[in-house]
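Labels for the chains are A, B, C and D, by order of writing; each one numbers its residues from 1.
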């Protein structure tokens, strides 16, 4: 079941180009990983401080269960590597993607008092793994942002235990995390959540403001 | 009048790339078809679960009048194949296109109580087949979304009978369906309706909210 | 001073690709022309019903002062050819460009009661021919749309006489016309007006709605 | 430490293509520079009146400390060259970038009475040089626009002295200036500020308008 590193890197590079063209990873934001091996855990993950539309193979690093780099690669893995590891342990996920889009950032702030964004009744929800009807209600939890990655990874773990059905979470004013059984599914989940968050956000702007 | 399958596939692939670049078919949303033969009816249609910006010839399947796949192709035709067949029977259409854009999704929800979106006075309307003046009034019916495709196809049939002049319909929180005498016309209709729905939606956001 | 037809066609094709990528000429909207010769007047102009992002040399036709096609080319020149001719006669212009963007369409409707859109104080105004300070006040007249092209061309002529300083006009719910000493200047004017109309429109949506 | 002119030109050309694709340098707006040598100061800077998505090496000029062109190049350096020189003297910056986007233009007008835009609590702030937490508060000063470049350059100098921590400033209704230790950092800063200004602006449009 092990995925070759070169294959993994090529796919992460392509995802970066696509998300960059959509404006979802401006600056050096965003980070992406894919599981290379499960026992012991090895992840291929984007290097910290890289522009995701211009990744090369040397920008993909290999990390282990403790989120530190394996081997002789130059540079540090993404500062948020611990969150990727926490997700892979909490879910049957083989790929984790984080975008930092304008709409996910806005929605993560607008709905922080509600604890998350509830979305129901959209056909696009059917693209989420295991969902078979637009009547599905997806609750996307929002976590406060934190620079202490050990603490934040623990809160991710707790959140994913408390919300066993959620397919994604938002970090406040930081963006979207989602995952999948493979990179194709994780990429599809990103596109679905970006669509749903932008659509929900724009509908707020279109409605009368009687409040 | 039969269109060769290879030609049909090449054109659907190109339409997918274009609509994807506009953000109208995120995730694996959207589906496209074109009539290959009329008697008996044969359609080329996109495979279910494909990303429309990255279609290959193997993602285009051939289906018959009963919406099931013909021949030995791998995978299932779009879940909404029955809607394509219903449209081809109700209209003199040789191509059917469905986009799942942010603006068509919003407008399909915002105007559901009115039963549809009425658009009048826009020059862009002249691009619709048979329309010769911007004074034309186009009513785009909105149908409730449904996972029962037999039932939904019947409602499409009834709607197209009741609205013999309409060039498109919306599924609520699901997006836009339109068609044309050929793929070029159907593609033009998509672009016109996407323009008109986005323009009308943005005008709501620009106006004072005294309600 | 005569511009070779092949050069003219190549430049119009490139402008079409650029404007299409911005979403300013969806469907088959938009039309572009450039003066080939002044005495007698000969224009190269886009063919009616073409998608402006996919023009080929055969989509560029040659027309004379009476707006009818010269020579043996297939198809009809743009339905709005008379407007191009009227502009070239009223201004020292050698190129005329019309975009049909979402923002120019909205603004042409929102400000119709004021007779036009007044824009002042933006640095971008300095890109208009002859303007040297952001303090410049540009008034973009709005004309009611009309399918009678002879009558509409006369109104264009009158408007350009009454507003000798204007660099552009809007047709209501139809879009933007501007021009230039050459295609490069006309293209720059399009980009400037599209920027100014979108910026002004978005500022309306951002402000409190106390009205 | 001297950067070869050919390298500098190639990098500025690429930045122009990227910013143009985002719509941040419409018309002939925007200007970019990079330090070639510090003693005496030599800058490579974009030529005035160029479209930034289509720069060629001949559109990059060399200028000295007095903002005038060095050597035999054709054309004039950007009208705003003095602002670039002022920034390079006031900060340890080796590259200066100016975008003229729709969102930076809007925000520069909307917050002029507050003297600037204050942004705090966004993860994206961590991409700014020297910033290590999203809790950082960035204040982006807004200066009134001015056609007198000597006077405006002096005001830039004073502003950068008064605000020793700021990473950028806005010219009212004119756009964004930022800088970096090298072109990669300056480009990252542009993308971060464009993100933050668009996000903050859109949040205003999403909120209830009780004021």
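To be clear about the criterion, contacts are C-beta pairs under 8 Å (C-beta built on N, C-alpha and C of every residue); 3 or more make two chains touch, one makes a residue touch a chain.
None of these values were measured; they are calculated from a predicted model.
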> Which chain is most remote from chain A in terms of Cα centres?
Replying inline: C
> Can we say the copies chain A and chain B touch using the same residue numbers, with more than half in common, or are the two sides different?
Replying inline: different
> chain C and chain D are the same sequence; what rotation (0 to 180°, nearest 5) superposes their CA atoms?
Replying inline: 90
> What is the distance in Å between the mean C-alpha positions of chain B and chain C?
Replying inline: 31
> Just curious, how far off is chain D from chain B if you go by their C-alpha centres, in Å?
Replying inline: 44
> Among the residues of chain C, which ones contact at least 2 other chains?
Replying inline: 205, 209
> In the complex formed with chain B, which residues of chain C make contact?
Replying inline: 23, 26-29, 51, 100, 102, 105-106, 109-110, 145, 147, 171, 173-175, 201, 204-205, 209, 211
> Where on chain B does chain C make contact in their complex?
Replying inline: 22, 121-124, 127, 132-134, 188, 191-192, 194-195, 198-199, 202-203, 205-210
